[in-house]
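Below are two complexes that have subunit A in common, paired first with subunit B and then with subunit C.
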Partner chain A sequence: MNATTSARTYHRLFIFFLIGPAFLILFAVVLYPFLYNIVVSFSNMSLRHIRDWSIVGPLQYVKVFTEESQPDFYVIFFKTIVWTVVNVLFHVVIGVFLALILNQKEIRGRWLFRTLLILPWAVPQYIVALTWRGMFNFEYGSINLLITQYLGLSAVEWLKSPTEAFIACIITNVWLGFPFMMIIALGALQSIPHELYEAAEIDGASWWHKLRHITLPMIRPVMIPAITLGTVWTFNNLNIVWLVSNAGEPSDNTHILVSFVYKAAFNLYRFGYAAALSMVIFVILLVFSLLFMRRTRATEAAA
Partner chain B sequence: MKAKTIRLTASYLVLIIFCVIAVYPILQVVTISLRPADRLLSTSLEIIPENASLSAYVQLFTERPFLRWMINSLLVSLVVTVTGVSLASTAGYAFSRFSFAGKKAGLLSLLTTQMFPATMLMLPLYILLIKLGLINTYIGVIIIYSATALPFTIWTMKGYYDTIPYSLEEAARIDGCNQFHAFYRIILPLAAPALVITALFSFMTAWAEYVVAAQILQDSDLWTLPLGLKSFESNMTTEWGLYGAASLMVAVPVIALFLALSRYLVSGLTLGSVKG
Partner chain C sequence: MRNRTFRQILVLAFFLVPACSRHEDPNRVVIWHQMRVDERVILERQLSEYMSMHPGIRVEQLYKETEELRSGFIIASIAGQGPDLVYGPSDMIGPFKVMEIIRPLDTLFSREYLDLFIPEALTYHEGGLYQIADKLGNHLTLVYNKELVSTPPATDLELLELGEQLTVDINGDGKTDRYALAWNYTEPFFFIPFLTGFGGWVMDEDGAPTLDSGAMVEALRFIQDLRDRYRIVPGEADYNIADILFKDGKSAMIINGDWSWAGYQKAGIDIGVAPLPLMTATGLYCEPMVSPKGFSVNINVPEAKLELVLDVLRFLMEPERQLETARALKTMPTRVEAVSSSFVQNDEILRNSAIQISRGRPMPVVAELRAIWDAMRPGYQAVLGGSLTPQEAADAMQALALTKIREMNE
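Right after this comes the complex of A and B.
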C-alpha cells in the first residue's frame, strides 16, 4: 500500500517535472500579459492617460464596434477574412499540388526540387517583406519591369492604390507560406500505405479516383490541424501587411485587424482601444477554431 | 505509355516554374547587394549587375559593427535553441505518454496562445521587464523568444512521440530503467527528427525577430541582426547595398540550416491531435 502511494507520488512528480518548466515560462510570457490586457481593455489608457489611467467599463469595446473611423472595424474585418481565406486557400492548394507532384517516384532530382521549393520558408519574414516591397516599386521594381518588357502590359501602381497594395501583400504572403503546407502534405503522403493504391489499380481505378478516394481522405487528418494553425497564423500575421504596405499605405486602406491594432497601440498610443480590439480578435479566432475542429471531427466520425 | 510521358513532362514543367518563383526574389537580394554604389536604382533585370562589386560586404564588416550584431544574435539564438529543445521535448513527452488532470485543457490552451495578437503582449511585458530591471539585458529577450515557439514545438514533439510505440518504454522498465532513464536513453534518441525541427524553429524565432528586440534592446551594443538591418533604412535614405548584403548574410545561415535538415522536415513535422 505504502509502496504504491510513493510510486504514485513519484509518478506525479515526474509529470510535473516534465511539464512544469514549459508552463511556468508560458504563464510569465503569455498568461500574465493576457490578463493584464483584459484589464487595459476596460480602461482609458492612452498617451494622455499613460500613468493615471482608470477603469471605464466596456467603453473601448463600444468604440471598436461603433467608432466612425476611416476605415471602420467592419471594413477591416471583411478585408481580414478575404486576406485569410485567399492566403490559406492558395497555401493549401499549391502546397498539396506540389507535394503530389513531388511524391511521384519517377521524378528525378526530387531532392533538388524540394530543396529549392522550401527556400521561401527559410528567409526571415521581414527580409521577405522588404524585398517584395522593393520588387513592387513602380519605376525600379522587377515586377513592373517584367510585365512591361515581357508581357507587354502597362506598369501597375502596386503600392499607391488600395486594391493593388492589398493584392501585393497577398502575393507576398502566398509566396512565403506555401512551402509549410507542401512539407506537411509531403509527410502525410509518404505515410499512406502503398497497398491501398495497388488494390485500387487491380480494381481498375483511374488516377482521379485514387486521388479522390484514397489520397485526399488519407492526408486529411494531418492537414486539418495544419490548416487550423495556418488560418490562425495568417489572420494574425502582422509582418507582411505592415512592412509591404508600409504601415497601411495608402492612407490606412491596407489594413487587416492585427495591423490596425498595432497602429492603434504603437503609433497612436490608444492602448485601451487596442487592447479591446485584441480581445475581439482573440474571441473571433477562438470561436472559429472550436467550430472548425468540431465540424471536421464530426464529419470524420460520420465517414 | 504516352499518357505517362505527358504527365511527367507536365510535372517537370510545373516544378521548374515554381522553383523559379521560389528562387527569384532571393536572387533579387543578391543583385541589390552586388550593385556598385552609384547605380543602386536600376531598371536592368540582370541578375549579376554591370560592374558588380563586393564593396557592400566589405563595408559591412569594416565600417559597421556587423560582426558584433552577428555574435549577439548567435548568442541569443543558441541559448533560446537549447532552452526551447529542453522545454518542448519534456513537456511534449508528458502530453504524449501520460494521462493526468488538465491534459486536454493544457493542449488546447497551447493552441489558444496562438490566437491572441502577439504584439499586444508586448506592452504588459515591457512594463513587467522594466519593473524587474531586465530592459537592455538578454535575459528578457531569451525568456520571451523561448516561450514564443514553445506551443508549436510542444505540439510537434507530442505528435512525434505518439508515433513511437509505448512498448519500448515498458521493455526498458522491465530491464530496470526508471521512468526518466527510459525517456532520456530510449525515447529521446528515437525522436531525433522532431528534436531537429524543434531546434530549427526555436533558432528561427530568435534569429529573425524584430519587434520584441526593438523594445527591449535599446543599447546599440546589444543589438541583434534584425535591429542592425533596420538601422540601414531608418536614416533619411535606405542604404540598399548594405541592406541587401546584410539581408543575405542573415538569410544564408538559416537557408543552410533548412537545406541541411530538409530530410528531417518531412518526417519530423507531425502535428498531433488533441484527443488521446
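Right after this comes the complex of A and C.
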C-alpha cells in the first residue's frame, strides 16, 4: 500500500466516521420504522395477534379501500383534501398578506407586530386546541358571544354538528398555521433587491404590477417548498382535529385520515390495518409532493 | 473499499444494538402512571421515603395521560422495554393480558398477603391475578354545592322537582344563568348510571354487546328530556365545561368522579357527595361503573429484579400510605385495615362514596369494552346533537359495536 492509497483510505474512513452517526440515527428513527411499517402493513398484527402475527399479503390494503367502515374511507379522504386545501390556502394568503404589510418600512413598531403575529405559532398546539374548543362552546364560548352580541346573528352549534365542528377545526388550524407562512414570506421579501422596485417605478409600474411581476415571482422559489411542507404537515396534523373535535366528535364525523389511523391503531389495536392506511397516506403525499415540485419547478428555481 | 465500509457499519451497529436493549439497572425501579397532580405529589413523597429507607435504590415515577400510558406501555413492552410497574384503572388489564405484556401476580404474593385487601382490589382476568389496587372507586357520584342544595335528590322525581327550582335566569335576559345539573355529554362513561337506572348494561356475560336494549332507549330519552323538555341541564357540555360550570356556581350539581372532589374543595366550594338517585319507573338505582386503580408488573421485569419491584409495590400498598392519600384526596383505600379505620368510617364524603361503590357495577376488564365505548360514543352524541332518535341511536350503537369487536378480534 503506497502513501497515496493510504491517505485516500484514511480520508474515506474520516468521511465515514463523520456521516456514520447521522446515518445510524436516521436508520434508527426513519428508515427502520418505515420498513417495519411496510412489513406490518402486510401482516395481520392486531390485539389477538400481537406476538404471533404473520404475513397475510395485501389483505389490509384491500380492507382500506373496500371495507365498510364508519366513517367511510372515501368520505374521510375527501374531508382530508378539503381540510388540507382550505388550510394551506388560508395559511399562504394570510401569511403573504401580512408579510407584505410588515415589509413596509413606513410601519412603526414592526417588531412588535411581528412578535404578536408569531404568537399563535409559539403557543403549544395542545393549549391552543383546548382553548379554541372552549371558545366554540354553544352557550359560553366567546365565538358565539361575539356572533350574537355584536353581529346580531344566531348562535352556531359549533361542536354538535358535523359541518360546523369541521369548520371549527379548520378555523383553529388557520389561526395556528399562518405565522409560519408569514415568516417564510417575510424572509423572502427581504431578500428581494430594492433596485428592482426602483427600476419598475421609473418605468411607471403600479403597485399591482410590482406585486405581480417582481414580488410574487421572487418569493416563489421560497414559498413553493414551504407550501409543499405545509401541505404535508396539514395533511398529517393529528393534534388539532383530535383535540378540538375531541377525537372525531360529533359521532366520528370530523376525522381526517391521520386521526382515523390513530384511532384504528390505538383505540382498536388494528395495527396491520393502521400500517396499511399509513402507507396509503404516505403514497398520496409522495405523489403530491413529486407532482407539485415538478409542476412548479421549485427545485430548479431554488438551484 | 465498499465491502470494507459495509463491514465497518456492521461492526458499529453491533456495538450500538446492546445500548438500545432494555436498560437493566438492578437498583432502579420505574413506574408509569396516570395519577393527577395531587396524587403525584403524594406518590413522589412516598417514593422519597422509600429511597431514604433503602439507600442505593432509585424509584422513578413518570406521568402519562391515560391513553398515552396505555399505548406507550403496549409499544414499549412488546419491544421488551417499558417500566417495571404500570399504574392505571382496571379496564386496561383486558388488552394487556391478551397481549401478554403483564405478569400474573398470584404466584408472586402469598394468599395471606392478598387477604389483607378487600376482594374488589384484586383484578382477576381469565383465571389470573393481574392487578392489585390501592384505590377503589373511579366512580361517578352526585356532587352538589351545599350553598345551593340542602338535601340532594334521592330519586329522579326529586331531581326534576329540585331541578326546576335550581335552574334560574338570574338577570332576566331570557338565558339560563344557573342549571341544576351538569355532566360530560361526550363520554359514554358518564351515561352508564342512566343506562343501569333503566335496567340496562353494556354487555352480556359472554362479552357480547347489549346496546340495543329497551333500557338504552329509555335512558337516552331520559337525558334528552332533561335537556330539551325540563331544561335543567345545559345544552352542550364536555368535561371541562361541566367542571367550570360547577366551579363557577353556574351548575348546582354535577355528576363527576371521586377524582374531582379534592379539586372542588380546593376551589373553595362546600361540596356534598351523594349517591346517584333511584329511577322510580324501574325501582333501580343509577349505578356507575366502579373500578379499582392499581399496579401491574411488566412481563419484561427480570427475575433478579422482581423482588425489589414487589417490595416497592408492597411499600406503596401499606395501610398508612393508602390512608395518607385518603385523607388528602378522599379516595377509597383497599387494605381491610385502612377501610375499617375510624377516618374512613366517619368521614361524610367517604361514607357516601362507600354507599355509591356498593351500588356500583364493576367495570368489565375484557378488551371488547374498548370497542363498546367507541361504538356508544357516536350514538350518544348524535342523540344529544339531535341527529338520531334514541331508538335509531341504540340500533346504530349495537351494529357498530358488533363491527368493531369483529375488527378488533380479527
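We take it that the second predicted complex is superposed on the first by the 278 of 303 C-alpha atoms of A that agree within 3 Å, B and C clash if a C-alpha of one lies under 4 Å from a C-alpha of the other, contacts with A are read in each partner's own complex, and residues count from 1 in each chain.
Throughout what follows, a residue touches a chain if its C-beta (ideal position, glycine included) is under 8 Å from a C-beta of that chain, and two chains touch if they have at least 3 such contacts.
Owing to the predicted nature of the structure, the values given are computational and were not obtained by experimental measurement.
Trainee: On subunit A, do subunit B and subunit C fit together or clash when superposed?
Mentor: Superposition result for subunit B and subunit C: clash.
Trainee: Return first, second, both or neither, reflecting whether A:77 touches subunit B, subunit C, both chains, or no partner chain.
Mentor: neither
Trainee: Based on the superposed arrangement, let me know which partner A:268 touches: subunit B (first), subunit C (second), both, or neither?
Mentor: The second partner, subunit C, only.
Trainee: One more residue to check, A:249. First (subunit B), second (subunit C), both or neither?
Mentor: Second partner only.
Trainee: Using the touch criterion from the header, give the chain among subunit B and subunit C with more contacted residues in subunit A.
Mentor: Answer, by number of touched residues of subunit A: B.
Trainee: So in the superposed three-chain picture, is A:197 touching just subunit B, just subunit C, both, or none of them (first/second/both/neither)?
Mentor: The answer is neither, since A:197 touches no partner chain.
Trainee: For A:140, decide between first (touching subunit B), second (touching subunit C), both and neither.
Mentor: Both: A:140 reaches subunit B and subunit C.
Trainee: Looking at A:292 after the superposition, I want to know if it touches subunit B, subunit C, both of them or none. Which is it: first, second, both, neither?
Mentor: Touch partners of A:292: none, neither subunit B nor subunit C.
Trainee: Touch check for A:53: first (subunit B), second (subunit C), both, or neither?
Mentor: After superposing on A, A:53 lies clear of both subunit B and subunit C.
Trainee: Running through the overlay: 8-16, 80-88 or 386-394 are the candidate stretches of subunit C; which one clashes with subunit B?
Mentor: With the two structures superposed, the offending stretch of subunit C is 80-88.
Trainee: From the superposed pair, tell me which subunit A residues show up as contacts to subunit B and also as contacts to subunit C.
Mentor: 12, 23, 28, 130, 134, 139-140, 265-266
Trainee: Which of the residues in subunit C end up touching subunit A in this complex?
Mentor: Touch list, subunit C to subunit A: 1, 5, 8-9, 12-13, 16, 20, 67, 70-71, 74, 78, 95, 98-100, 175, 186, 234-236, 238, 240-241, 244-245, 367, 370-371, 374, 377-379, 381-382, 384-387, 400, 403-404, 407-410.
Trainee: Taking the complex as given, what residues does subunit A use to touch subunit C?
Mentor: 9, 12-13, 16, 20, 23-24, 28, 44, 46-48, 50-51, 69-70, 130, 133-134, 137-140, 157, 159-161, 246, 249-252, 263, 265-270, 273
Trainee: Using the touch definition from the top, list the residues of subunit B that touch subunit A in their complex.
Mentor: Answer in residue numbers: 4, 8, 11-12, 14-15, 18-19, 21-26, 28-29, 32, 41-43, 45, 86-88, 90-91, 93-95, 98, 100, 106, 110-125, 127-128, 143-144, 146-148, 150-152, 154-155, 179-180, 204, 207-208, 210-211, 226, 229, 233, 240, 243, 247, 250-251, 254-255, 257-259, 262, 265-267, 269-274.
Trainee: Which subunit A residues qualify as touching subunit B in the complex?
Mentor: Per the touch definition, subunit A meets subunit B at residues 10-12, 14-15, 17-19, 21-23, 25-26, 28-30, 32-34, 36-37, 40, 94, 97-98, 101-102, 104, 106-107, 113-128, 130-132, 134-135, 139-140, 142, 145-146, 149, 175, 179, 183-184, 186-187, 190, 221-222, 225-226, 228-229, 232-233, 236, 238, 257-258, 261-262, 265-266, 271, 274-275, 278, 281-282, 285-286, 289, 293.
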